[in-house]
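Labels run A, B, C, D and E following the written order; every chain starts at residue 1.
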Amino acid sequence: MSGETQTQTQTQTGSQSETDHDQGPLASWTQGVISNPDRRSLLYRALFYAITIFFLVTTLFPFYWLLVLALTPNSLILGGEWDLPFLRPQGFNPEAFVEVFQQIPFHLYVFNSFVLATMTTIIVIVISSLAGYVFGRLEFPGRGPLMLGILMVSYFPPAAFLIPLFEAFTGNPIVAPFIGVELFEPPRLVNTPGSMVLPFSALFLPLSIFILTTFYAQIPDGLEDAARVEGTTRLGALFRVIMPLSAPGVATAAVLTFIAVYNEYFFSSIMALGNEPQQWSPLVGGLLQYQSLYSTEFNLMAAASIVGVLPVVILVVVAQERIVSGLTAGALKE
Amino acid sequence: MAQVTLNHVTKRYEDVVAVNDMNLEIRDGEFVCLVGPSGCGKSTTMEMVAGLTKPSEGNVHIGDVDVTTLPPKDRGVAMVFQNIALFPHMDVYDNISFGLRLRKFDKEEIDRRVDRASDIVQLEGMLDRMPDEMSGGQRQRVAIARAIVREPDVFLMDEPLANLDAKLRVHMRTELQRLHKELDTTIIYVTHDQAEAMTMSDRIAVLDAGELQQIDPPLVCYNEPENLFVAGFIGSPSMNFAEGELVANGFESEHFTVEFDPSQVPGASVGDRVTLGIRPEDVFTVDRVQNLSSATASIDATTDVLEPMGDEIFVYLVLGESAERSMEGETASSNQLLMSVNPDSDIQEDQDVEVVLDRSKVHLFDTASGQALAHGIEELPGPSAGTGPDAGTSAGTGAGEGTESPVTEAESDR
Amino acid sequence: MAQVTLNHVTKRYEDVVAVNDMNLEIRDGEFVCLVGPSGCGKSTTMEMVAGLTKPSEGNVHIGDVDVTTLPPKDRGVAMVFQNIALFPHMDVYDNISFGLRLRKFDKEEIDRRVDRASDIVQLEGMLDRMPDEMSGGQRQRVAIARAIVREPDVFLMDEPLANLDAKLRVHMRTELQRLHKELDTTIIYVTHDQAEAMTMSDRIAVLDAGELQQIDPPLVCYNEPENLFVAGFIGSPSMNFAEGELVANGFESEHFTVEFDPSQVPGASVGDRVTLGIRPEDVFTVDRVQNLSSATASIDATTDVLEPMGDEIFVYLVLGESAERSMEGETASSNQLLMSVNPDSDIQEDQDVEVVLDRSKVHLFDTASGQALAHGIEELPGPSAGTGPDAGTSAGTGAGEGTESPVTEAESDR
Amino acid sequence: MSAEEQSGPARESRRSGPLVAVTRWMENLGETGFAYLLLTPVFVLLGAIALYPLLRTLELSLYTNIIGTGEPDFVGLDHYVSLFTGESDRWLPGTSRFLWGDVAVTGEFPFVHVEGLLRSALAVTIIFAVVSVFFETLIGFGQALVLDQEFRGRSWVRVAIIIPWAIPIVIQGMIFYLMFHPSTGFATEYLANYGIVAETNTLNDPFSSLLIVTVADIWKTSAFMALLILAGLQSIDRSLYDVAKVAGASRWQQFRLITFPLILPTLGIAILFRTIDAMRIYGLIDSVSSCTVVPSLSCMVVATFGSQRGLASAIAFVTAIIIGIAVMGVIYQQYKEGL
Amino acid sequence: IYGDDGDGEDAVVFGFDPDSADDVGDEIVQLFYDNGLDEDIDVELQPGASDTGERRDNYETLLDTGETEPDIMLMDNGWVNVFIQRGLIANLSEVLEDDEVSRIDDEYFEAFTDTARDPDSDELYGVPLFPDFGTMQYRKDYAREAGYDDDDFEEWATEPMSWEEWSQITAEMVEESDANFGLSTQMAIYEGTSCCSFNEVLTSWGGGYFGGEENLFGPVGERDVTVDEEEFVDALRMLRTFVDGDDENALEDYEGDLAPSDITQWSEDESLPQMENGSAAMHRNWPYAIVNNAEEFGVDNYGTMPIPYAVSEDEAAQDGMGGTASALGGWHIVMNPNSERQEESLEVIRAAMEDDFNLGLLDLWGWLPPKPELFDSQEAEDLEPIGNYMDTLRVAGENAVARPVTEVWGTQSELIAQEVNSAVAGNKSPQEAAEDLQSGLEDTES
């Protein structure tokens, strides 16, 4: 059977080259590629791998540089003789990865970031799921302006939120804007996760809402209908059917939020008054501890950031497993 | 108590009226088939009963409760969707047990019911397949199983058997009927399969363009359609129509006449445009006429196309000078007549034949309004060609309101 | 030149063999229906022809070209998908014209073809609707239109009419046949509607569990099924089966006997377990037996359920002492017999009747292998109950290779 | 009968209990009521954490510059006016301008004196946003398409592509800073040879720095795009491709007619948020180079934040308005897509 | 897991330097008790950010929002002024006893203490804890190779030399030794250039940004900007000469090509390793670099000298400028006006004013004493290795130039750094840079 197939391909190719023999080799090769599915798919694969490798190199090279930095003793980093073509560590100092933990309790900073990011992600995903459902699947007056309003929150530089929030979180009374009337005294939140999770949640909410809105809008009504007839409420259908089916979107929103919060420092540096792990200072706060007044321990910063990236990478791997292609396949006949 | 009542229900989409002022009363435990052409509003009606679509006007009752604003989950309905709508992220078991798990049934009960349902739909070994690993028919069966495990008050089934083969369909038909009896549920069922509608339902509701045309037991719909639309829609192949005029001695169309006393047709008088309808199985070749006591005068025709179906043959006849051939036989004034004959007949294409109609099965409709005038007509009392002693039992009844009319009884007496 | 050939094609999914060593040769311009129970591999076969699924083994030719590795777009096929799969982001016009736009047809040509196709599927006014604003049937028609505008060499249609009502389906049937003639394309068509399969196709291919059972013209499949499966599958309601034994003077089952000369059955000898098959329309009550020249001896039975279908009535008969009732009639050894009678019959439920079988329509199968032994049997030559002069025309033929066998001719002679 | 029977509509409507009552109440709300109910958490959170501070900040922008020196004086819109008249420029870092700088156009027409442009926060921000978002979209799309394929080692490639996004900005800054640092900067020499970056004082050269910052941003945030677009790609119903294939679509046509339109809403969101984010660039500039060299709008806020809080607040609002104007196009596109 | 903040409830919270707090925090706390702090007063050192700017922003928000903690904190002399002017920190003149205030007036480095005063009222807002002075450091071994000996070194240690002489010595050292270049200093675009490394050069040329010494801390808007002046341009030209002796703006009498062009991207971070790895002969830096490098090369091979000068104090164009000049760094203790433990905090401050406390810090962490006579004390000189360099540091301390910190300094320092940087890099001529800076600074002054 397969022999037959082969002969056929050969004859095809043969006749091809015969007709083309007065063209240039490139032209005839192109001809061959265009008309010969085998060769064409080979070309596709080659192209595909070339592109993949290109992406790998470009994204990994700076990271490799980071690794090189981590392994080079700090004194050699700024004094060393770096040369291409092959960039390699100057000296070999894997102890940096240990020293990272000896100098400061870096693991605590990582833990803080992890907790903050997890809490924020949960809040953001829950709230933006509700909002995404509303904006993606319901028709109601005020939808457009509301979405725009939410989006507008992200137009502002984070600094614009900082002072009033900090005042409120340090327990100062809330003052009605422009009137100056004191309304009430909020609890003191600085140095607690609350003072970071709340602003993070608010600031990362718009992105998640918009992501989930697009994804939820794409889930066919039929599936929600089916769930509702089966006995769920609208919310039940959201959590049991729409969210699982939007897994790529939900996972992406979660990963984006998680990573952003995990690496956030602007708010946390203010809200954690003393940059101490006990005050919920995050990962970046820890990283900056390797800078002292006049010098920066680049190798430790590099090592620490590699250590800090690991949990995220693991998380992403896990979250990505949930992203399965063609989730709605086989659901509908329409 | 699960009668389903629709009161003046209307559903409008932007520019389309999907359902128009529908009044429908389905009794507790009744099995009603909704039939009608594609896009006539069947699915929309079902969705409104299920609570998935809010009626633009009117209200819906299930049992004694006005459920118009009740969410689907509180209506006690289960539905098989026309588009199947399996949960693609769940395997077959999870799909089927979804409703039960929501209601916190205990594991054993769920297993028991899922087993039973998957047995009914013949999917026993497939409980751990994902929807995208199944064939179209298998998916549809999962959808059916998902509805039947619920054992609800009201079943809504939107073409549940469309993707199943004939044999399985017969099996499912009996299973559904058994279920209907066992659970004593109300079933509203959309189907395009006439056999299904005829055999399963207590009553058939015929819809057209969002409006209810007739709701009656199957044989009433078949034998006493209330109007041209129902007559043409019920029965496959559909009824032959001939447009003509009521004349002094009966009906006259371009190609043939049927003699009777026009005065027996209530609500119509000589000179009116009427349409005569006759089903293919009530057209006979003259050589078979000895079986028939109420044959009309014979009509000259030429056979056109033969369609052998195995258990019968459809013969397309052209009346008069065979002009252009059309296999559709849709327009009432066409010169075509479809006849169904025994597969043993030795009828050939392009053969001249004489056919007669079964006078007792002739339907008359008002051409303009489409309303039925008479179902079955008696011979002209004067000198006639009739022979049988028990000919023409019943005069036409008007468009009687969906009760089992005496005609049916009378007819099945023969 | 668009014959489609499958050579030893097998398709395996992880644990399922969807198609098993299939050899199928479809001639250029032929209209072949694929039928078979749900999940038997019809869609998979279509997908392999279309190039959407690569066969695990074997190869596919279209015309003279081995297309096994060719991408779908180079195969010149158009397909109506079982799951419809309209592009949700395009309106009807864009959906239908998709393939044409890909091929850079000019605007007018596209408009012309789309108009024509939407005309055929009766969607004229809906070209600017989005898929989610349409009913199930309307969507399916869009899918059909999307395929037919392409005018390809090979049409693949996977249950294209499943969601259409009977009337529209008849219309579509004729339109598709006209198209087939006009374009002279090869059409492979999956359907669960027996009427569709019988009327439209040049040949019917019957599949079961991924294997080809028979491919023959419709009437051959109907009248001379090659095995028990085909016999039971083709025809609705399906053939009655009675399991029994070949005895010296014919066939003997638990509830009745049919007398004939066992030596006329080739490939079987007295004492073999055989299964007798008889279609419902070949069972008659004795009072109608005068029409039949080849009736068997009468069989005592009691009527069970009646299923009036309008144009006929299905009568479920229980043979012998009516034990438990089962409406399914599936197992060959059941004591049930399904009979189809004229809607005029005055038959009642729970009535004792005597029935006869049309001997010339009796089928005999080897119970073990399921292979057909004979189609129609002659009377026992000795003293017999036969009356007609032209009884029992033909002896059984073996499971003849799909040519129009003389049996058919002989039968239609009557 | 079965348990199900008990939950017929009649029974159901009589069942009580607070939870049931609440659920029923929610289910019975009309679309609008239900929508607003579900949006309450968003309103509460954003109201307290975003709206309230913004109003306070807006209030602040109407008061005098220097905080701490007694009661703030009300100055109305002075800050806004001074921003547009260039009067506030002296408060901005280095020789930056808030709006368009004095762009020097040299003799030959297309050659605009780059220094002038690169001293303007608005110009820098817009150049940065346009260039980085453009390349991020392109590269992110490419990466997403690669990741959407089935191939061995895909999950590793995925991790590799996401890694940059997981790296904190400080470290990202450090990586690129050290690449072009005079002592360690192996990259400077190579690129300077081609005239891409300045040979010496690279990180203090506005054009080189902007380029480096842009590249660093593209390196990191392409992954953001890739992730979002990948999610969009994976949500497309695969059977549509089957249909398209049979209809004769080449890979390119499948992409153009199926993938692209279906991914468009997601792509729009990605571009929208990337643009907004890019226009708020600050941290990266700060860690690779400095606001003095490469001024951006957010730089201006941060730079004045310590001393001129009123002015900083005004800049923040003007920045928000500029961003709003800049993303109007994207929003309109999304709106047309029905979002 | 962080629910319990420990015993911090009643303690005086002291915003502190992170590195020392981590390493010797307990010892420092003990040092307070050793110097008379009541054992009942708990002290909790709360480490701030290591980055000075960041710590400043942090304290700014804390104080601005009226936080009660930390009660006292360390403040860089470079930005304490801003806090004073904004009224964010407590006026210690009011709360300290008069004799304590006068002790500070008398015993402490004057220039250093001045940075903790309100320039208008001269009231004291901070108690100096430790100063930092820029010095010129060099490799004695390289110098020996160029023919200099310990006598020279001894002289250099306390006698400032002129830039001209210095450039010649440096050129010789590069010539004769393994050094790759002469000077490692900081000229990046950052605060350090404007406040310190360039400011030293400018002052040594007799110039200032805003006229004389008296205008350093304002009043903003009422002082002249004196940047577009000869001495400023000359300072830049000299630096340009060091980078590129062939530049058209190079000064005649100076040896050129002493520093790599990379200094325009160096801050302390990058310049120090160039010294450590032996590339540079001379190095301008803070005392921490002395400790670091003396340990590396041994005190015999590492020397210090005051920053060279170009114009003597008498000839200086601006009052109080000229001669050797060391940029003044260092930290003060200031008090949170909102503190709820003012009394206890004052006790802590008092303990920190004890001589033994200052010496204790020098011992523990190498922080210089804020009082001139402690520099000369035997205890100081006994400390290794820093004790060997006390002479130079004392000279430096006496000639310290404070940063001209006002509320607009942040903006101005960026302008200065940028213009200086481009002039040194050769992107602009010194004259151009001076003109641009002049108008830029004038804008900020109005």
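FYI, contacts are C-beta pairs under 8 Å (C-beta built on N, C-alpha and C of every residue); 3 or more make two chains touch, one makes a residue touch a chain.
The chain list, named the UniProt way, goes like this: A = Carbohydrate ABC transporter permease; B, C = ABC transporter ATP-binding protein; D = Sugar ABC transporter permease.
For clarity, every value in this text was computed on a predicted model and none was experimentally measured.
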{"item": "Shortest path length from chain C to chain E (each step joins two touching chains)", "value": "2"}
{"item": "Middle chain, criterion being Cα centroid separation", "value": "A"}
{"item": "Maximum inter-chain contact count - chain pair", "value": "A-D"}
{"item": "Superposition of chain B upon chain C: rotation angle, C-alpha, nearest 5 degrees", "value": "180"}
{"item": "Most remote chain, CA-based centroid, reference being chain B", "value": "E"}
{"item": "Distance from the mean Cα position of chain D to that of chain A, given in whole angstrom", "value": "13"}
{"item": "Between chain A and chain B, centroid-to-centroid distance (C-alpha), Å", "value": "57"}
{"item": "Whole-Å gap separating chain B and chain E, where each centre is the average of the chain's CA atoms", "value": "98"}
{"item": "Chain centre separation in whole Å, for chain D relative to chain C (CA means)", "value": "61"}
{"item": "Two or more partner chains touched - positions in chain A", "value": "77-79, 162-163, 220, 233-234, 288, 326-329, 332-334"}
{"item": "Set of chain B residues in contact with two or more other chains", "value": "71, 73, 82-83, 103, 133-134, 136, 140, 150, 163"}
{"item": "Residues of chain E engaged with two or more neighbouring chains", "value": "57, 64, 270, 273-274"}
{"item": "Every chain pair in contact, whichever chains are involved", "value": "A-B, A-C, A-D, A-E, B-C, B-D, C-D, D-E"}
{"item": "Contacting residues of chain B [partner chain D, same complex]", "value": "1-2, 62-65, 67, 69-71, 73-76, 103, 105, 109, 150-153, 183"}
{"item": "Of all residues in chain A, those that touch chain B in their complex", "value": "220, 222-223, 225-234, 236, 241, 244-245, 247, 326-334"}
{"item": "Touching residues on chain B, where the partner in the complex is chain C", "value": "13, 16, 35-39, 42-44, 82-83, 133-138, 140-141, 158-159, 162-171, 174, 192-195, 198-199, 218-219, 222-223, 232-238, 279-281, 307-312, 314, 327-328, 330, 340, 343-344, 346, 411-414"}
{"item": "Of all residues in chain B, those that touch chain A in their complex", "value": "47, 50-52, 71-73, 77-79, 81-89, 98-99, 102-103, 130-134, 136, 139-140, 146, 150, 156, 163"}
{"item": "Chain A - residues contacting chain E, complex", "value": "75, 77-79, 103-104, 162-163, 166-167, 170, 172, 269-270, 273-280, 288-296"}
